Structures are given as structure tokens and as C-alpha cells.
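Got a structure for you, written out below as C-alpha cells; questions coming shortly.
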Amino acid sequence: GDDKPGDRTVVLVTHDSFAHDPAVFDRFTAETGIRVEVRKSGDAGALTNQLVLTKASPLGDVAFGVDTTFASRALDEGVFAEYRSPAAAEGPQRYVVDDSGRLTAVDVGDVCVNVDVAALESRGLPVPTGYADLADPKYKDLLVVEDPATSSPGLAFLLGTVASFRDGWVGYWEKLRANGVLVVSGWEEAYTQEFSGSSGQGPRPIVVSYASSPSAEIGEDGEPRTRALLDTCFRQVEYAGVLANAKNPEDAGKVVDLLLSPEFQRTVPEMMYVYPAREGVELPEAWAKAAPLPENPATLPAAEIQANRERWIEQWRAAVQG
Amino acid sequence: MARGRPGLSPALLGLLPLAFLAVFFAWPVGAIVRLGMDAAALDVLADPGTWRIVAFTLGQAAAATLVAVVAGLPVAFLLARVALPGMAVVRALVLVPFVLPTVVVGLAFRGLLGGGVLPIVLANAFFNVAVVARTVGGLWAHLDRRAEDAARSLGASRWRTFTAVTLPALTPALGSAAAVVFLFCATSFGVVLLLGGARFRTLETEIYLRTVELLDLSGASALSLVQVTAVVAVLVLGARARRRREAALKLRARVESARRPVGGEWWVVGAAYAVVALLVVPIASLVARSVDGGFAGYRALSGTGHAGSLSVTGWEAAANSLRTATDATVLALILGVSAAVALVSLRRARFIDALDTALMLPLGVSAVTVGFGYLITLDALPGDLRTSAALVPLAQALVVTPLVIRLVLPVLRSIDERLRQAAATLGAGPWRVWREVDLPLAGRSLLAAAGFGYVVALGEFGATSFLARPDTATLPVVIGRLVSRPGELNSQMAYAACTLLMVVTVAVALVVERLRAGELGEF
Amino acid sequence: MLSVSGLTVRYGSVTAVSDVDLSIGDGEVLALLGPSGCGKSTLLRAVAGLEPAEGTVCWDGADLADVPVHRRGFGLVFQDGQLFPHRDVAGNVAFGLRMQGRKSPERVAELLTLVGLAGYESRRVTSLSGGEQQRVALARALAPRPRLLLLDEPLSALDRSMREQLAMDLATLLRAAGTTAMVVTHDHDEAFTLADRVAVMNAGRVNQTGDPAEVWRRPVDEETARFLGCTTFLPGRVANGVLTCEFGAIPLAAPDGAVHVGLRPTALRPAPAGVAGKVTGRVHRHDHVRLVVDAGRAVDAVAEVTNAPSVGDEVTLTLDETGVAIIGP
Amino acid sequence: MLSVSGLTVRYGSVTAVSDVDLSIGDGEVLALLGPSGCGKSTLLRAVAGLEPAEGTVCWDGADLADVPVHRRGFGLVFQDGQLFPHRDVAGNVAFGLRMQGRKSPERVAELLTLVGLAGYESRRVTSLSGGEQQRVALARALAPRPRLLLLDEPLSALDRSMREQLAMDLATLLRAAGTTAMVVTHDHDEAFTLADRVAVMNAGRVNQTGDPAEVWRRPVDEETARFLGCTTFLPGRVANGVLTCEFGAIPLAAPDGAVHVGLRPTALRPAPAGVAGKVTGRVHRHDHVRLVVDAGRAVDAVAEVTNAPSVGDEVTLTLDETGVAIIGP
């Protein structure tokens, strides 16, 4: 808050995972005279909650990082003001939550099952292809997932099974349970401690992580050691929007435009391991190999998630941990 | 001449920490709790599951406190009473667990012991052996051995002497340490989440999940109230028990009470070294991981992680850590010493237990609650502190201040009042008495508190990760971020950063050790 | 000049000091005597301002109620020293001087020499013997030249010859500096050496104050007399400057009439003639022998070492005026 | 029976106790006398096993080097009490009994009565007066009936009458229980009352041990004599059971020959005839007057209160055998 009056600073409120190329922001400042100040804290859930709590006196002007799971909540609470970016038509419109024009999609990421290819090979197992294989006794005791009550990828994976199996999801989880699924509370334990494909070299070769994770696990030969199973993905969209009661709503809208600009969108995969929401943005080479975009990821409407999340988690608990 | 004006009693100093506490603790927490208080909150209280969680929270905290006390006492003896080479290193080493981010320790314990209740208890105790060793050792070093001699000549064995004479004299410090440890363990978050999964839940993890994942503020508020109530109850009981034991002691210089162990004392020394060795196991496993793939992690400290996972380099984060910890420690020392002075001059007042307890509360309320409380209140202060870089040291000071108080108070309270009176009859006013009697006698514990507080601020994660701006991220925040990203480099860098944090800790502790000898003599 | 009136100190239900009136003139030394637990230390502490008390303490007529301890300029030697354990001997002695903004190694050395500890400057106080500690405490209180000195058994841990020496030096020093002082002591000789006047306390009250010899000769009541060493009490009668009682007659300047007499052991000595009795007890003291004699009733007596009777011997006792006290106000 | 030989205690460069040989027979009470800082407390601590020492400490012939403090069964009363501040009076006194697995409120009450503190059981020790604390410390050490009692100035904080009373009670108690004891005291009378033998220490060494009266009459050297009160030293000669010196002659059982004589103040008294001198100093003591007389050289003398000369008076002094000591081994 040390900006002088008339100073064109926009505060961008976002989550821990936000990363950007400073060069892009610098160019924006040079062109528009608007300085962007980034304020990060917590994950998507914490961010949404902060925005809700401070809606009367917001921490900034524009927010990025509210995702599919939390979007309805933010909208219901009136956190965002209407702002329709001209760039929305270039692709982001595909992921629109409602027609109020308050949230604009910036990127999409998928939570998918990841496998350690070599480890499966050494056990003489083929790479599983979809949800059904995970319940196959061949793959007994090989899967580790996160608790949906305590972890966002865990929740996303649960939502993916709900979207795929609809009313049969509880039955599917019962089978997973019988097949020795290991539940841990967070991504860190699952991926770095239990999963064999990460540097931690844990015991289990199958884990719930992100579609983009393999791009960070490149072996000596330049090939990824792990692979995401593209038929087990759940898509999460991350949105940006101008905050209601922002001090500087005009310039805030320009920052939403910036986030949708081709320059920024091009940096999104490298910086945040997600896919740009804009169409026609070229992807880094490695991504084609290590992190191809799933073609038919599962999705659920934000409103449905908002309405059922707690009930589903309770049901999941009963089925998996009861 | 520094003569105190009669009207300005040292007790007034207590207003300073109280004001700080009111603005940076009571107000935010009160506001957030009030915000969530609605009819739904009552449902949470009526849910038997809530009470199971309360029971588990208090139970595991009590168990971990017990383990920390049992393991910490021999170490306290070692630090206070034993003159053997290498004590400075041991003193520094036991501090190391305190700075380690809970995620990293949780992962290390998971790797070593798996999940479950026992690992939770052990990990919580692991963090806190130093609290016991330091707090109790600080007083123990000054106890006059002749009280023990008297007991021995009356037929008490070494052990009986310990239980019948030494332990009662140490009770104030032991009570202080146990209270702090209990609070840390009752509000332990990362470790419980990592090692307990969804099966073993505490109030702290429940409040966190309700606030952050479920967006259930009313449930979180209700649980926060339960947490505060439970913590206050335990603290008040503790303060009562402790005060009954408080008595003036004849304090002596540490150099006079430390000596080579004799007879059965070697067993205690052996036990202390065993505890230190056990503490080193997880530490060593972390260091080992940092060099798992060569020194790539250390080289990476000069960068921002795999594909720019961070906004700062490892070294910048280290610099941030040192800077904010310094600010926080200075602030906490001012507040903590003021509070301790006030508590000592008010020792006969009725409300003293309440005051004492109030000053401990920041340790007993979850960092999320405080953090969210800041968001909805501090914008009312000029300059919108919520987005200011100054908020991080302020929040860290909130955690460090009670520790400073707990380390210094037992020594101050054991100073014979007549010693102060002797100074007064020789012409020293109330403030001068402070400078001439209390300060030198408690000087050693004050320095220990400064070093300890510094280390705590260095390691503070909960509030810091919530409040730090990307460019002011500290080492623990950076470590937390690195371990939540895929990629071998990130992982190596995280463990290298951990090692860096430990090295900084040991260095700080050793410097404080040096300072102590120079500045305040060897009392 | 110190004047204390109506001073009362209560600890809960215990009244440690009860309605004490006392005054000490400028440069005067008052010895405070009384049995263990009678309230001497408490009285001193109350005068120093360390104990909340009822009643008034005035200096030169000004009430000290609102003057805090450190402004009173009263030095106090605690019964158990209370040296600062974190300072060396010199640091302890120099403390009061430092509080006045003065620094005077010479004065420290001078006082240490006075108390026989020259060269002890840099010793740790916790490594001193009991007597050495007590002497440092004395030096510390004297150093800043307080206007009133309150000494609580300042010499109790010292051997006799050092005590006599220090008592003498202290008396000289106090008189030379014109320091007003109140000394608690349980050594009657010390009281005589040091004090211009003595006050005898009992159970929180001051029973008597006066010239030492006068108090010795004329204690106000039996209790005081007993505390001052009288062990035998009997009626007597004064006529024409002669006191007559059951054990004989001695010259005594007092108005004629019946009196209550108290005898210390030294009042009765074996002699060729006198009241007959039989020795039933005998204890050797360092320069005399203490006897218990059955002379109708059991009385104490003393004999010289060289010709002391043994237990069972028949003796005759005569009255020696040194040991006789007349009791009454 | 305690026997100590070659006992030496060093604190860095200070040798606090130096090559001490000492033995105390069963049931015997030894008084340890010596100037402040001479090593008395240190010797007691070393015997108790609290101070690392060279030399041997044996009980009934068995070396105690490997017997830890609490197995020795030696009770120790510290010079400064060292009561346990966390326990009340009864808790302190009962401590030693508890260590023996015994619980005996009667014994606690009995001892508190002995030291004049009946009914004090539940008082906090920090609220006691100095003398009361010392008495509790004494009761605490006596309670478990130790086989050897080491008492470090156990009565120094008490007034004279209580001290005499307690010394007497203590002597009776020790003799009745056959307790062996070593008592540090700076009160010569106390040494006589309590002790069967005395040992005089100086600068870490024991200069002399023996029967109290014997030590008083025949100190081994001038230093010891000075400590025991002699202020004037002069040559003398014994012939046929009579000692003759410059101030006169007295009967004295000693072999004929030249001797070194020490005079205490009580050795010289004004008398109708004797050596002439002039009074130059005069101090009133409680039952006598102390004089300094210039009789060729300055000597100390005492006079009775009733007919004491004043400063400037011419007096004649005669020798009184009570105050005379013969110096030499």
C-alpha cells in the first residue's frame, strides 16, 4: 500500500502456484503505464476464502486462481464485478461458468493418474489405460491417491470418478479399496514419498497427480520417466476476474486482458504446468511428448460441485475409510 | 542518574505487550470467530465427532509433551550441569528441529516410521525437546548445589535428591516449558496432516480444512472457540500448579554449578547423548537427501527452482529469513521482556494467572484463524497493514513473544525479592534495580530466549506462508513451495534449503553462545 | 533524627511488629535486642520502607510514607547478607557508590581493609566463607555513607575476637561519621560496645529503651529481666541506699521501699560466708564455672575456674552487685 | 569413631583445608574453633563427602572414599540453613525420616518442641525469622538420628538466653543418644558447654586439639592464644608450682623453667596493690568494664562495673589466674 495517488498500480491477488515471466509484465507496464503488483497466498481454496472474507475491502483489484471447484462459491458471495474481456472470445469462452461475465478462464489443468513406466515394466505389467484397470487385481496395492477432504488433486480425482461413473462412483471406490488403494492426506506425501516415479522413489508406481507432472520428470535420455493416463483426467479451469469494490477497476480490466494475451498465455505451460485457455497458442516442444492435452477430460458444472462437495466427501469417507 | 519516577512503575510496561496482543491477536481472532458464529456453529458443538477430535487433540499433545519432557530433562541436565568439551555444539544442535518446516519433518518421519499415532507423537516431541532442554536448563544452571547437598546429607540418594529437591525447584521452568510444548503440539498442523491423514484429525487440522477447503467458516469458528477454551483451561491449571511451586532460590553463576559428571550422573549424560543422537537421525536423513543426487540442489539455491517455481532465489529467501527473523526477534524481546517485568512486579496481584495465560494464547490459536482474522480487521489500521511487508515480523513476534516470556520468567521469579530490596536500600530505584539485579541474573536466559526466538522466527511457517509476499518469501516458505512441485530439481533444492536453514540455525546459536560469554560475564 | 510511632506490621494473622514508638537522635546508635522471632528484622525492614506498615516513620520530622526505599538514604544489612551473586566482592561494595554516580576504588579498598578483606576485590562472593560474606555485606552498606544504618546481626557469623574488633571499629566509624544507626544484635557485649541506647523487644513490642547500663540494672519487667539474663527472682527492700534480700545486702542507689529483685548467675558467688546450699549442677565455661545450687530453691551461681566447688559440695553464697537487677518501671 | 587423616581441600590455588588429622571417639563432641575463613565449613563438607578432597576419612576404620554422601549417615547443618523453600517446616524436618522410609509426625513435633517451635509445622520456611530458620535446620539434621552430626554454627542467629538453653539441650541430647558430633562455633562458652574436646584451626590447619580447659590454659602457639583471647604476651618463669612474671605471681601446676605467658584481659584487674599504670581506654560491657591501661606498655584489663576506674585514673593491677595462659606445645 505504498503507492502514491494517481499511481497506476494494480494489485493482482492470486495463489501460491502463480508464476509468471517478469518480462511479459514489464512490457505491459511499458505499454500501458500500469504496474502490476502480485500478492500470493495459500492454495485455490484459501484464495477463494480470502476473497470472500475481504470482499468489502478487497486486498487488490484483480484476482486470478479461483478454480472450477470454488468458482460458484465466489460468484454466490459476490466477490467479482462484471468485466467482459475482448479476448474472451479467443477460447476462454469455452470454459465459462455462467453468463454474468464476472469470471474469465485463463488456463486449464488436468488432474490425472500418473504412472511410473519403468516400475510397471519391471513388474511385468502393462501401463493401465483407464479407471477400470485401477480396480483390476493385477494392479493390487499399486495406487496411491490423496484424501479429497484435505487435498485439491484428491478432490479433483474424486470429482472425475463421479463424472465418469455418475451414481456408480461409490461402488467403484469400494473396488479400489478392495484393490488396496492407499490414501494419504496430501499431494506431497503421495507424489514425493509414496510414488516411485519421483525423486523420492517410494514403493507405489501409480499416483494421482497432474497431467503436466511428467514434463518435470525427464530422465537422462531426455524422455519422461512417467506418463499421465489421459482417460483418468478431471479438468480444472482457473479463472480471473475484477474484484468488486476494487480501487482501480479500469486498470484491473486491463490486467485481465494481459492474462489472456498471447504473450502471457504462451508462458503458462512452462511457468505453471497448465494449458492456456486461449486457442492457437503454441505449446513447448517437450509438452507434446511429456504432457499431451487430454482429449476428453471429465468435467462437472461448478454449481453441481458446490452443491454436492460435502456430501460426496462424506460418502467417500464412508466407502473408503469407514 | 537513572532514577525511576515514583509514579512510573515497571508494572506499566505490561501495557505494551497487552496493547500489541489486543491489536494483533484478540481483535482479529475475535472478529473472525464472531463472523462465523451462527446457528450452524452449534451443530458442530453438538456433534460427538467434534469431541472425539478434542479428545484426540489433547491426548496426543499431552503424550508428546510427556515424551518431550522425559527426553528433554537429561539434555537440560547436560546443558546446565555438565562441563565437558563440545557443549556449545550440543546446545546449538538441539535447536535445529525447531526451524525445520513441518512438511519436511513430516515427510522424514513418514519415511522413517510410516504414519499413525506413534509417529505423530514422536514427531511432535522431536520438535520440542529443545524447548524443555533450554527452558529448564536455563534455571537449572543457576541453582545452588548446596540445597542438594543438604538433601544428600539427610540420606537422600542422587535420585531422591533430584525428585525431592531439584525437581520442585525446577517446576516453574518445567511448567513453563510443558505449557509451551503442549501448545505447540495441540496446534501442530503439518505433522498431524502428513502422518495422520484423514484418520487422525486434530482441532487444528479440522479448523484448517474447514476454513480453506470446505469454506465452512461457522464450523471453523465453533472449533476455534473450542480450541481456545481447551487451551485456556489447560494453561490455567498449569499456571496454578506452577505458582504453588514458585519460591525464591539462591541463584549462582553457571560456571560454579557445571562440572565433570560423577558416578550415576554419567547415566544421565549417556541418556542425554542418546536423545541427541535420536534427534540427529531425522536431521541426518534430510541432509542425506539433500546430497542424494550430488550437489545439484545446492547449486540450484542460486536459482528459482525448476522452471521458475519461485519468485526468489534460495539465497534471497535466506536473506529474507534473516531479515524478518531479526525484526521479529527484536520486537518480541521488547514485548516479552516488558511482559516479564510486569508479571514479576505484579506477582502478588490476583489477576496474575489470567494475565500470564493471556500472554500465552497466541501459541494456542491456529495460524489460519489469526491469518484470516488479519484480513478482515487490519484494513482498519492506517496504511492497510494486510498487504504490508511489516506484517510478517509482526505475526512472527506474536509467536516468539510468549516463548521469550516463558524462558525468562522462571529465572526472574526465582530471584529472591530481598536481593532487589538490598539494591533499593543502596539507592537503586525500581528501574535501576531492574538493570542491576534482574537483568544480569536473567541475562543468560534472556540471551537464550533471543537465540531461541530468532530460531523460531526463522522456522515460522504457518503465519509466514499466509502473509509473506512473493518477493519476501522466507526459507521455510520456499521449502514448502518446492516440495509441493514435481521435479527432481525442486526436491533437491528443497532439501538443500533445509540444510541451509539448519546451518544458519547452528551458526546463530553458536554466535549467541559467544555473545553471552562476552557481554554478560559468566553468570 | 529518626522517629517511629505507632508502627505495626502484620503478616496475615501474625502481628510481627505491634505499635512501636521509637526515636534515635542524630549520630546516636541504638541496639535492638530481643528473643528470636520477636520482630526485630521486621521492624528494621519497615523503617527501611520494605514492609507495608501502619503508623509513621519520620526523618527530621518529615513523614517518609511517600518516600520510596531508594530515596530514603537508609542502609540495611540483611541478616543473611543478600550479596549480589553476579558481582564480585568489589562490585558488591561499590554498588551503592555507583547508584550515586560515583566510582571510588579507594573507598572500596578502604572498607575492605576495615572488614579485614583487603585484596578480596575480585573474589566471587559465592566462594566466600560465611563470615567473609557477612563482612562484605557490612562493607557494602557502609560504603555510600547512609544517613541511617540499619544493621541486622551484622557480626553474628564472626568469631569472638574478630567480632570484638569489628564492633569497636564500627563504633568508631559510626561516631566519626556521625551516622545514626540501629543495630540488631543478640550479643549483649556488642550492644554495650556499639550502642548509646538499647531497646528491648518482645513479641512485637518494645518493652524498654534506655541507657545500656540502666536497662541492665533496671529492666522494666520480669520478661525483660529474664531476657537480659536474670534467672532468679525474689523480693527485696531498699533502705538508706542498701538493698537487702534473702541472699544478703549490697549498696544500691534507689528510693527506699519494697522492690522486686532479679539475679543473674553472676549475682551469686561462693564465699567463705553467706547463704548455705548444695551444688547440684556444674558447667565449665571458658573463664568461669556455672553452678546450680540448691539453697532452699535452685539458683544459678558462678565460681572462678581455679577454686570451683564440685557437684555435691556444700557452699555458702554471697551477693555480688554486678549481677543484681531491680525490676520495675 | 571418625578418623580423618591428611585431609586437604583445594579450590584452584586456594588451599582451604590443609593436611588435617583429626579423630572423634564414639559419643564424643568436638568443637571446631577458628577465625573466619580458616576452613571450618570446608572441613565439615569434606567429612560429609560433599567436597572432593585428598586424604582419607574413615568411620570405625573403614575408608569412606567410595561411600556416597547419603549412605554415610552423617547429618550436616549448613551455616546458612539451606532449608528447602518448597516445603513447609514439618516437610523440612521430616525430610531425613522420609528418606529412611519412615513417617513420624511425633518425632517432628518432638524436635520442633525441642527447638522452641512447637506448632510451627505448617509454616512456610520463607516466612520464618532468621533464628527460627536456624532452629528448623537444627531440628531437620537431628531428626533422622545421624551417627555423626556436623554442625556449622548451629546457634549463631540466636539470642544469648536461647543459645545457652539450646546448647544445653543439645549437649544432653547428643550425650543421651551417644551421637558423635563436630560443632563449628565461634562462641567460646558454647564450645565449653557442648564439647568434650576442642580443635583450633587456623589457615586450613588444625593447630591444636585437646580438653577445652587444657586448650584454654595451654594454647600451643601465640596465634592460637591470640585467637583464644590473649592480648598481652610476656615471658615468665615457673618454680615450685608458682608462675612469676612482670605483673605478679600465681600458683600454677607446671614443670619448673622459663615459659611464654599470654594474658587475656581478665588476667589483669585493678587492686589495692600491684603494678602501677594509667587508664587510657574504657569500654562498658554488660557485666564488666574493659580497660586499656598503660603500664609500661598498653595492656588490657577488666574491672567490676561498680568500682571501675575512669580514663586518666592511676591504677594498680594484679594478676588473676583465670585469664592466664601458658603458651607452648
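Note that the chains take the letters A, B, C and D in the order they are written out, and that residue 1 is the start of every chain.
Convention: a residue touches a chain if its C-beta (ideal position, glycine included) is under 8 Å from a C-beta of that chain, and two chains touch if they have at least 3 such contacts.
For clarity, every value in this text was computed on a predicted model and none was experimentally measured.
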item	value
Chain located farthest away, centre of subunit D as origin (C-alpha)	A
Gap in Å, rounded to a whole number, between the CA centres of subunit D and subunit B	54
Subunit A and subunit D: spacing of chain centres that average the CA atoms, whole Å	90
Whole-Å gap between the CA centroids of subunit A and subunit B	36
Overlap residues in subunit A, where contacts from two or more other chains coincide	none
Pairs of chains, among all present, that meet the touch criterion	A-B, B-C, B-D, C-D
Subunit D partner contacts - residues on subunit C that touch it in the complex	11, 33-37, 40-42, 79-80, 116, 127-132, 135, 152-153, 156-163, 168, 186-189, 191-193, 212-213, 216, 226-227, 229, 264, 266, 283-288, 304-306, 321-323
Touching residues (chain side subunit D, partner subunit B) in the complex	45, 48-50, 68-70, 73-76, 78, 82-87, 95-96, 98-100, 126, 140-141, 144, 150
Contact footprint of subunit D on subunit B as seen in their complex	144, 146-147, 149-158, 160-161, 164-165, 168-169, 171, 245, 247-249, 263
List of subunit B residues in touch with subunit C within their complex	1, 3, 6, 250-253, 256, 416, 418-419, 421-430, 432-433, 436-437, 440-441, 521, 523
Residues of subunit B defined as touching subunit A within the complex	32, 35, 103, 106-107, 110-111, 115, 193-194, 196-199, 205, 209, 211-215, 217, 292-293, 306-311, 372, 375-376, 379, 383-384, 386-388, 465-470, 481, 483-488, 490-492
